[in-house]
Each structure stands twice: as C-alpha cells, then as structure tokens.
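Right, I'll just put the structure down here and ask away after.
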Amino acid sequence: MKEVTIIRRERFCSAHKLWNPNWDAKKNEETFGGCSNPNWHGHNYELIVKVAGEIEPETGFVMNLKTLSKILKYKVIDKLDHKNLNLDVDFLKDKRTTTEVVAVAIWEEIEEEIKIKGGKLISVRVNETENNSVEYFGEK
Amino acid sequence: MKEVTIIRRERFCSAHKLWNPNWDAKKNEETFGGCSNPNWHGHNYELIVKVAGEIEPETGFVMNLKTLSKILKYKVIDKLDHKNLNLDVDFLKDKRTTTEVVAVAIWEEIEEEIKIKGGKLISVRVNETENNSVEYFGEK
Amino acid sequence: MKEVTIIRRERFCSAHKLWNPNWDAKKNEETFGGCSNPNWHGHNYELIVKVAGEIEPETGFVMNLKTLSKILKYKVIDKLDHKNLNLDVDFLKDKRTTTEVVAVAIWEEIEEEIKIKGGKLISVRVNETENNSVEYFGEK
Amino acid sequence: MKEVTIIRRERFCSAHKLWNPNWDAKKNEETFGGCSNPNWHGHNYELIVKVAGEIEPETGFVMNLKTLSKILKYKVIDKLDHKNLNLDVDFLKDKRTTTEVVAVAIWEEIEEEIKIKGGKLISVRVNETENNSVEYFGEK
Amino acid sequence: MKEVTIIRRERFCSAHKLWNPNWDAKKNEETFGGCSNPNWHGHNYELIVKVAGEIEPETGFVMNLKTLSKILKYKVIDKLDHKNLNLDVDFLKDKRTTTEVVAVAIWEEIEEEIKIKGGKLISVRVNETENNSVEYFGEK
Amino acid sequence: MKEVTIIRRERFCSAHKLWNPNWDAKKNEETFGGCSNPNWHGHNYELIVKVAGEIEPETGFVMNLKTLSKILKYKVIDKLDHKNLNLDVDFLKDKRTTTEVVAVAIWEEIEEEIKIKGGKLISVRVNETENNSVEYFGEK
C-alpha cells in the first residue's frame, strides 16, 4: 500500500498564561516563571498537521490541501487566532494552556472531521517559539 | 544496533499545472483551482531525503553526504530543476504532478541507487510552499 | 518629523522563462542558461514592500497593514499568483521577466495607489529564491 | 571614514490589543479588526537593532555585541518579554501598541544609552509576524 | 495512553575537522574533502531534542522545557559551544567528529539524565548546515 | 534614472577566534569571552552582497547573478569556506577576525572586480549567527 502523508502549516496569534487556579500566586510563579504573568503574554503559534492516505488516481491528491486547510480554519484557527487561549476558546475551558495541552486539544477537535473527509490524522505539531514545540500522535 | 539517519536538503525550481486530461476545463478548474492555469505556474521546491544505516567506523559516516547529494543531483535535480514537471520529466510522464505524486516518483527513482551505495531510504519529503508539503515512507 | 516605515510580505507562485525574442535559441541559452527552458520553470516569489509615513495618532498606524495588503493583492498578487509571468500578466507584456524587471513593474503598478491612501512607497523587494533577490527604490 | 553597522536580533513574547479608549467597541472593531479583541492576543516579536560606528583597532569591534545585547535586555526585553504591552510597560503607558508605536518607543528608550557606549543608533526594526514589520530610523 | 512529545532547540558554534589519524593526509583529503582542512573549519550547529511522556495534570507539562533546556545546557552546550569538537570535548575524545558521531554521543550524554527527570528520550537531531543533518533514535 | 539593486546570498563555514596578540590570555578572555578559545570555534557564515546598476534592456539584468556569484566564489568563498579565518586567508592576515573586520575585508576584495563587470557595490552583509550580523557600505 502506498500511503502518503500531506502536511499543512497554519498560524495563529494568541494571548495566554500558565496558571493553576488551585495554587497561590507564589507557587504559580515558581512553577511557570514569566509564563504566569497575570496580565498575560502571547505568541505567534505555528500549527503543523500531518494527514495520511492513499493517492486518489483522478486527482493525484491524498486530500486536497485546501480541504484540510478549511477544516483547520473553522475548527481551530477561527477559534484561536487573535484570541486569549485561557478565556476565549470553548475547547480549552478550564485547562492549562501549555503547548502540550493545546496540541492534544487540537487533535481531538479535528480527528473526526479529517476521518469524514477520508484522511487519517497522523500528528499535530504546535510551535510556540522558534525553540519550543510539541508534537502529538494520538492515543496509543 | 545503532542505526543513524542522515538528512539531505536539495532544491529545484519548476513549472507545472494540475490537470486531468480526461476532464474538461471547467471540472479541472473546479477541482484544482488556480493550480490548473493552462499557462502553468511554478514553485521553489525543497526535497528532503532521509537515509539510514550504521556508522562506518573508519569515516564516522553512514554515507558521505556528498555521495547522497550526487545521487539526488543526477537522478532528480538535473531532471526537475528549471524544467516543466508535466512536459520535461521522463519519470512524471502522463502523471498528475501533485506534490504527492512527485514525492512517490522521486522515491522510486532513488531507492535502488541508495541501496547500492549501502543506505536504506527512509523518507522523501517535498515542500511545495512554506505551508504545503508531502512526505512518503515507501510501500508498506 | 517622525517618519516610520511599515513592511508587508506577500507571496506568489508563478511560471516564467527568460527569453529575448530577437535572439535565436542558442544565444538565449548561452545568456540565460536553464532559465531559458522553452517549457518554462517557476518560483515561489516573495514580495516585500516598504511604505513610509507619519503615525496617525488616533490609530497608531502609518497605514493599516490590511489596506496595504489589499492594494498588493488586487494590483499584484491576483495578477501574478498561479500565473505565467510572460503570458498572463498585462503589465509584464513583452518584457523580460527577470526579477529586476518584475520589481520595477510592481513599483509602477502600486506607487500611485499607495500615494492615494496616504503612504509613500519606499521600496519593492522581490525574492526569487533564497539566494537571489532584487530591490528597487524608484527613479532618482 | 569606515563606518560599519552591527546588527543584533532579540526576541520578546507579549500580549497586547489595539484599542482607542476614545472610541466605542464598534468603532474599535471596525478599525482594528481581530486586533481589538478585549481579552488580548499576542505575538513572538523580533527586535532588530542596527548601530553604526568605526572599528576599534584593538578589538576589531564597533561595539561588543554583548554590550549591545545587554542594553537591549535591561532597557527593552526585561520590560516587554512575557508581559502585556498595554498594561505592564512604563514606556508604552496610554499609547496604542501598534508595531509602529512600539518601534518608536524602543528607539527612544535605547538611543541615549547606545550613544553613551559610543555607538550611533541607526534603526529599530520590530517584526510582529512573518508578514508584518516596522522600521524606524529616528527623527529627521 | 496520551503520550506527548516536547521538542527543544539549542545552538552551539564549534570548530572541527574530519580526520582519521590512521590515514595519511592524501587519503584524508580524498575522503573528507574540505572538511579535512588541518587548520579546522566550523559551524553553527542546531541541536533538536525530542522527549516524550504523559502530561502531568497539575502543570500541563510533560516536562518543563526549562528543565530540558538546563540538562542540554550543562551536559552538551557548555561543553561544545565556542569549543573545538576534536580537542576540547571529553565525550568526543578520539572520535571522528562527523554529525553522525556527534548526534550519537549527545544521545549517550543526556539519555540517563532525562530519564531521571521523568522523560523518555525519543531523538537527537543535529543540523550542521541548512542542507546537512543527522537524526538518532537510540539503539534498537 | 532607474537604478536597481540585485542581492546575492552565499555561505561559508569557517573556524576562527578573537585574539589580540598584544594582550595576555586573561585580557583576551575578559574582552572576547568564549570567542577567544585558543582551540578555535566556528560558524556557518552567510554573505549577502548588494550591487546596483541600470537594467540592460536586452537581458533585463543589472548583472547576471551568475556573474556576481562567480566573483564572490573565487574572490571570497573559495578562500574562506572550510578554512580558518585567522590562519588560512591571505586578506585577513594579522587582523582581528570579528564580523566587522571580515565584512570590510570582503568589500575591499570584491569592489574593483564588481566595478569592472559594470556594477556598483552597495553593501556587504555578513551574518555570523541568527542573532549577530554586520553590514558595511564602503568608505564615506
């Protein structure tokens, strides 16, 4: 079987902070450092999604990358871009907004929709800065 | 066993269009959008090839990256760079020139040669734009 | 006077060839090398435009970057992206499509419109590959 | 005279919003779009500072880039990184936090200190995203 | 199980040469080309380390990226940055300093420490130039 | 007059150290820090050269970028790439090998040759790392 992986990059610019509401400010700062700033900070996040499937002979596509981009746009980017990850995003409600948690949450938002369109979600990568990233491959 | 993967990036600048000759112009445009422009468009493609093997103790190499680069050059880059993927490339004859198809075709061009030189081809990645890429890991 | 420069990057993917119709094929190939391939080749071009002006106190903007982006989109990107620079672009008709010529032609397309919107066009830069670029600052 | 320009890149991750307190929410949103989100958004900003001077023969330096980096760190990065540009930064108090305004404000923070250390500030560039940037060269 | 991978990039600037002391200068040059220059050359290396684990619910972290960064700093970067890989690095003593060998040696330096901190080392990638890289996934 | 600037990027990988032979080791280390490591360190340098001129109507070129690239190759890259800047380069003999000094020295090596080929050298930029660069515009 010739399974091929297509890869799409999207971007979103968001505010967030790392904060555990069960802890006092001191413990939050000790654990999360500058990331716990009460007035928020933010990032230009990159989202990189890999989807695998066989090539459809008529089109030469695994899935039209415009279809994948649209799924990512209405399921993720429209909800995260120019938003506050802690306050504005339904699927991050009451969660730590670490890159780890964000990557897993994005996987859960898009997996079903990609399956419906005929693809198999392989991985969700979120780059928070040029040095810090997270990748998630789904439950094992 | 200490298997190590070496990674080489090459580049090629090519024209192409997405076009299914069994369809009329309207259906081609509906399916492929701007990519079906009859007068072609083009890209700065990046080719990223991964090859694995054990380290040869005398040299410290899995395979001299210059050897890998030469294989890629005469098997792929010389044939694709400053060419039209639909018209000028023997191994893409009568194929859709989607990034998926190009990545698989490159795999098939280089796999044997890399094996002869003692390496195991792991993956072929083709970046079409900074947002759209494809990766192929061979038949499973 | 506090003049500030805003900078916007756009991208377009086009086919082209370098060809002087007054020369035979041999001279074209000697001069332009692989860039003269009759069947075209192509690039992911980057367009980087600088516009200067004073900061408008109510908005903090020299010019809303969305306004600048829109000008670039309908004056340049819509005409060049997924097109053939030699065949499809009214303002490149009968011109050599070197990066130099493309950069000057883009300047002439957008200068007036940017002036109308209250900005002063400073430079047009076109990156053809990661190694080759051109910058134009207008007539002196 | 052999004047040479040294260039230092620093980075800061901040939250902000574009908001004119003299306007109602509707006008703010019409003007600033998603950038006016009341709950903030954020960016990985890049700061690129150019400083000119003659080469000091004993060291071969215009100015030790570590000296320049330290100035940028305590005058700018420590105040902006992991902060809210609208709420946490003394020198942006009551200002629009557009990239234009931020670049000019950074210039005014560092110009004197760089002069004291023997350099001449040439420009302050702030990249807000990979597509949107601002450059400031001082008052003319 | 929801295993998540965190990714950290570090950088080091080092001199080295490729040289087999059992060979004469001619054979070294034939094998290693310019990399065998007796007076050394050097690179801006990038080190990219992937570590997997489950998300700790209180923090939302697999491992605090600052912890990972500190391990990399005192185990690797402090020993390699602004050093000669052939002469100054205890754990590269008497080894070929190819990117392959460097990547494996870094794996062996950090694997235990990352385990102690609760993570599982997945891969060590070393980028020597923008075109040449190596990735190591441990013994199989 | 329509003067256009062409820009070419080249790369070289070199070893060097910052060292003033009139100073003892202690003063060298205090001044230059890790850059004074006696056993050298190294970088992937980027060289970015800007050349201006009018567009030649027959070709659409200011100067064929291949001509510029060749000048840079035999005047600079062949002498610096995979070399030791302090020991192997005639035109850096007895100089501090700071990025400032290297940029000025490269200007002096190439200015005349570019003039002979009909171009006007505008600037020489040398990137030592992703954060540290130098630009030189010639004597004023």
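A few notes on this one:
Every chain is named by a letter (A, B, C, D, E and F) in the order it is written, and numbering of its residues begins at 1.
The rule we apply is simple: a contact is a pair of C-beta atoms (placed from the backbone, for glycine too) under 8 Å apart; a residue touches a chain by one contact, two chains touch by 3 or more.
Here the structure is a predicted model, which means the values were calculated and not measured.
The chains in contact with subunit C and with subunit D alike are F.
Two copies of one chain, subunit E and subunit F, touch each other, and the residues they use overlap strongly: the shared fraction of interface numbers exceeds half. If you average the Cα atoms of subunit B and of subunit F, the two centres end up 34 Å apart. Work out the mean CA point of subunit A and of subunit F, and you get 42 Å between them.
Centre-to-centre spacing of subunit A and subunit B amounts to 28 Å, using the average Cα coordinate of each chain. The residues of subunit F that reach two or more other chains are 33, 130, listed in rising order. Working note: touching chain pairs come out as A-B, A-D, A-E, B-C, B-E, C-D, C-F, D-F, E-F.
Those residues of subunit C whose C-beta lies close enough to touch subunit B in the complex are 11, 13-16, 33-35, 37, 39-44, 81-84, 87-88, 129-130. Of all residues in subunit B, only 1-10, 50, 55, 58-62, 64-66, 69 touch subunit E in the complex they form.
Residues 18, 20, 22, 31-33, 95-101, 103-104, 130-137, 139-140 of subunit B are the ones that touch subunit A when the two sit in their complex.
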